[in-house]
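The structure appears right after this line, and notes come after that.
A, B and C are the chain letters, set down in written order, and residue numbers restart from 1 in every chain.
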Amino acid sequence: MRGFLANRSACVGGAITLIVMIAIAAGPWLSIYSPTDMDFVALLSPPNWQHPFGTDSFGRDVLTRVLHGARVSILVSGAGVLLAVVVGTAAGLLAAHYGKWVEAVLMRAADLLLSFPSFVLALFLMVVLGFTIANVTVAIMLVYLPIFARLTRNMATLVKDEPWVQAARLFGQPVYSILGREILPNIATPILVQAATGVAFGIVIEAGLSFLGLGVQPPNPSLGNIMADGREYFSRAPWVLTMTGLAISVALLGLNLLSDGMRDLMDPKLRSRI
Amino acid sequence: MIAGNAILEVAELSATFSDRGRRREAVHGISFSVKQGEILGLIGESGSGKTVTGLSILRLLPEHAEVKAKSIRFGHRDLAGMSDSEFAVLRGTELAMIFQDPVGSFNPAKTVGWHLRHAMARREAHRGTAADIGSADPIAVLQEMGIRTPERILDTYPHQLSGGMLQRVLIAMVLALRPQLIVADEPTTNLDNLVERQILDLIRYHQRRLGVSVLFITHDLTIAREFCDRIAVMYAGEIVEIGPASAVLDDPQHPYAVSLLRTAQSLERHDATLFELPGEPGEDARQRSGCRFVGRCPSAIPPCQTEHPALVRVSPQHHTRCLLHAQ
Amino acid sequence: MKRKLSDVTKSSIIYLQRFAGAALLALLGAALIFFTMHAAPGDPALAALGENATPQSIAALRSRWHLDDPVVVQFIWWLSAALRGQFGESLTVASGTPVAALIAQRLPNTIFIGLYALLLAVLVSMAAGTVAALRRGRTTDVIATSAAIFGISMPDFWLSYMLIYALALGLGWFPSYGFVQPQVSIVGAIYSGTLPALAVAAPMAASFTRILRTGLIEELHKDHVRVARSFGYGQVFVFVHFVFRNALIPYITVIGLQVRYLFGGTVIIERVFGIPGVGSLMVDAGFARDFPVIQACALAFLVCVLLVNLSVDAVCTALNPRRAVTS
């Protein structure tokens, strides 16, 4: 814990992430506006005390919309990554444990998925499945599935020859128990770190899809379609798009700093040397 | 072997490391000299400061290390007063070093031949007035080291060769530089015994042939006795005994040196219980105001706690840092 | 680097193996795309002919396109046509135009922006990473590292708008929309392509800088660098051959991994800047449910990624002596 506090990255990142989380959780309740309240008197007004992020072309408070949209984005991205972690980790563990052709097939499949640019894959899936929120989750899951499968398999392969795992095997522990209780806890940390970055970039993917019109449909706010809106009158009123994107950047910055800090802490090589 | 004047005279060398505000003195004002053509052994446990001493002479310590000396006379120059750029000219021409890990000493991306050719080119560019700079043919140079397939070796990458072979090549490279002084930091510690013997014989043969002076850093007494002309024993950053090899190892005066001898003898006799000096040279040994060895010394007397002993003469050429011998 | 005949044959075999592996992935990818597309709701014949088409014309089109055959058979029809360079005709986006022609028109633009972005990212990251590593811990490093972290935290399409606002609308240095194709004018392409390339390059430059910086710092501490210094080689020489050269391998590996994001990024950027590339084609086709076009675009991206990965693999192998012989 002291190490955590000493690491600047982790601290700053953790602080930012915490603030963002609180804002998203509590913000929509605390805000005096609703995301669909239209104030025709104050159309497209720049940021001021009443509207910290300004208003859009319908007079809606941008900050409130962003907070609501962020909830949706995080839920979608989080769900997608969660599914990817569950399925991917299971696949990776099985690949590492059984080896031979099971591993070969699973890893080739993962390689195949990884050969597509992430966004292209997501786009393709949206077209095939239909432009709904649930499908964005599925798309994100499929983009991250191979990443977790490979990560888990690589780490599990390193760990599986450790003495305590071999002991468990000798004692006749069932496979799922070995995988779940011996191997998994020891490789959990890098998986979690990767999951954090995954949620971060999943948000960007979702925003991108919604920005193009392929994800969350209006009037439901999502970070992507708020920006799509903002782009229509960008030269006149740049703040809508700018503030929304800035908010995303800050949140991602926090997550990246946090996962950087955690990675530093996990790395035994980074102690001072003579 | 004729030992002439001193090629290297170090006076009060100190090296201190600062790590986030904490200072740790690795070497505490040591003084010694290496005579021309001789092999001076520097013996000590890990942490005694022997490696740091070697690195200090070549100015290869990291940036956060502070090296001070009253003077470091090398030939007719004082190294201590030189700027970094003036000093840089000496590395690889007059001064050279052999490191402990042969495998890590090579650039993994380049062939062995590339390394050797560059070392030879370094010498070629700085001939000065040196008469004998040896053969200009890399193959001949490797053959001199007893390597039987030099053509093949030149084309291989470091990861394809054994530690012993790599150390031979490294020695060939260092000798090809024709330096005046070589600092050898435990050059055989990572090798197995048979190879170790061969490498040491090789070093000694060429050292005698070329008249190169060597500062030989090691923790192994047996090797030191065979190999070195004179020996200095280090403990907690200080030299506690210095003199001819036979004197220091057969008739040690400082209690630490005595215990080293007894441990070695115990090993040779295959005692059931090995003789062992209790305790470890902890960090606080350096903090003490009295003798640094007092915590573990079996012969300590009360003044040892407060009075820091100076080097005293036991016999011509043989000095020890112990109050018991102060007359 | 001298190579023997057997080494050359060994590397050729490895390259062939990799190429075959990539070809297999391309085939599997094509199958995946095809079968997934097939699962999509909607009747391609209906989409092509429009809602007012007669049932007979729809049935005729369906039989011409083998839409009533089992899926696997359909795939084989599609594959045999594809291998001959025929990917069908666009249904709705540009009715009747051969898809292959559409893609051929647009691919150069996408590749141009992609390569331009990659070049910018590499140049910036080499400079920033080197400076940050050499000035580690000092102000320049902190600035570079912070910029890098921020760089990977921004959505790239947001950055495009920031760039447009600042450099196009604000300073008027670059156009905010539109793209001059390289066939028409190279200078025009470079000029109009700068902002899009910058937007795509920024997150890549950020992660490249971090990897290079970490790699350089690690290499700087390696033993062989100290050995090289002990031989007295010049600072620039040591940096280039011992430090940078060895840090290149993880650096280039990461470049290979990031290529996926490179192509993904171009999709939205093309839309933002109105660049007629494969990405914007895919988006348009997606809205219009133009299946042949969507399939071909996805396949085009897949092949691009595989080709870049092959090249990066080849470069890494050439740089790393350990991989060249074993693998």
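As a working rule, a contact is a pair of C-beta atoms (placed from the backbone, for glycine too) under 8 Å apart; a residue touches a chain by one contact, two chains touch by 3 or more.
Just so you know, these numbers come straight off a predicted model, no measurement behind them.
K.L.:
Going by average Cα coordinates, which chain is farthest removed from chain A?
P.N.:
B
K.L.:
Busiest chain-chain interface by contact pairs, anyone?
P.N.:
The largest set of C-beta contacts joins the chains A-C.
K.L.:
When the centre of a chain is set as the mean of its C-alpha atoms, what distance in Å lies between chain B and chain C?
P.N.:
The computed centroid separation for chain B versus chain C comes out at 54 Å.
K.L.:
When the centre of a chain is set as the mean of its C-alpha atoms, what distance in Å lies between chain A and chain C?
P.N.:
22
K.L.:
Please output the residue numbers of chain A that touch at least 2 other chains, ranges allowed.
P.N.:
273
K.L.:
Of all residues in chain B, which are in touch with two or more distinct other chains?
P.N.:
If we look for residues of chain B contacting two or more partner chains, we find none.
K.L.:
Write out the stretch or stretches of chain A touching chain C in their complex.
P.N.:
By the definition above, chain A touches chain C via 108, 111-112, 114-120, 123-130, 200, 204, 207-208, 211-214, 227, 231, 234-235, 238, 241-242, 244-246, 248-250, 252-253, 255-257, 260, 273.
K.L.:
Touching residues of chain B toward chain C in the complex: what are they?
P.N.:
By the definition above, chain B touches chain C via 58, 60, 88-93, 96-97, 99, 101, 104-111, 118-119, 122, 155, 157, 159, 173, 177.
K.L.:
If we count contacts the way the header does, which residues on chain C are in touch with chain B in the complex?
P.N.:
The contact residues of chain C facing chain B are 1-2, 222-224, 226-233, 241-242, 245-246, 319-322.
K.L.:
Residues of chain C touching chain A in their complex?
P.N.:
Touching chain A: residues 25, 28-29, 32-33, 36-37, 39-41, 149-150, 152-159, 161-162, 164-165, 169, 221, 260-265, 267-268, 271-272, 279, 282-283, 286-287, 289, 294, 297-298, 301-302, 305-306, 309 of chain C.
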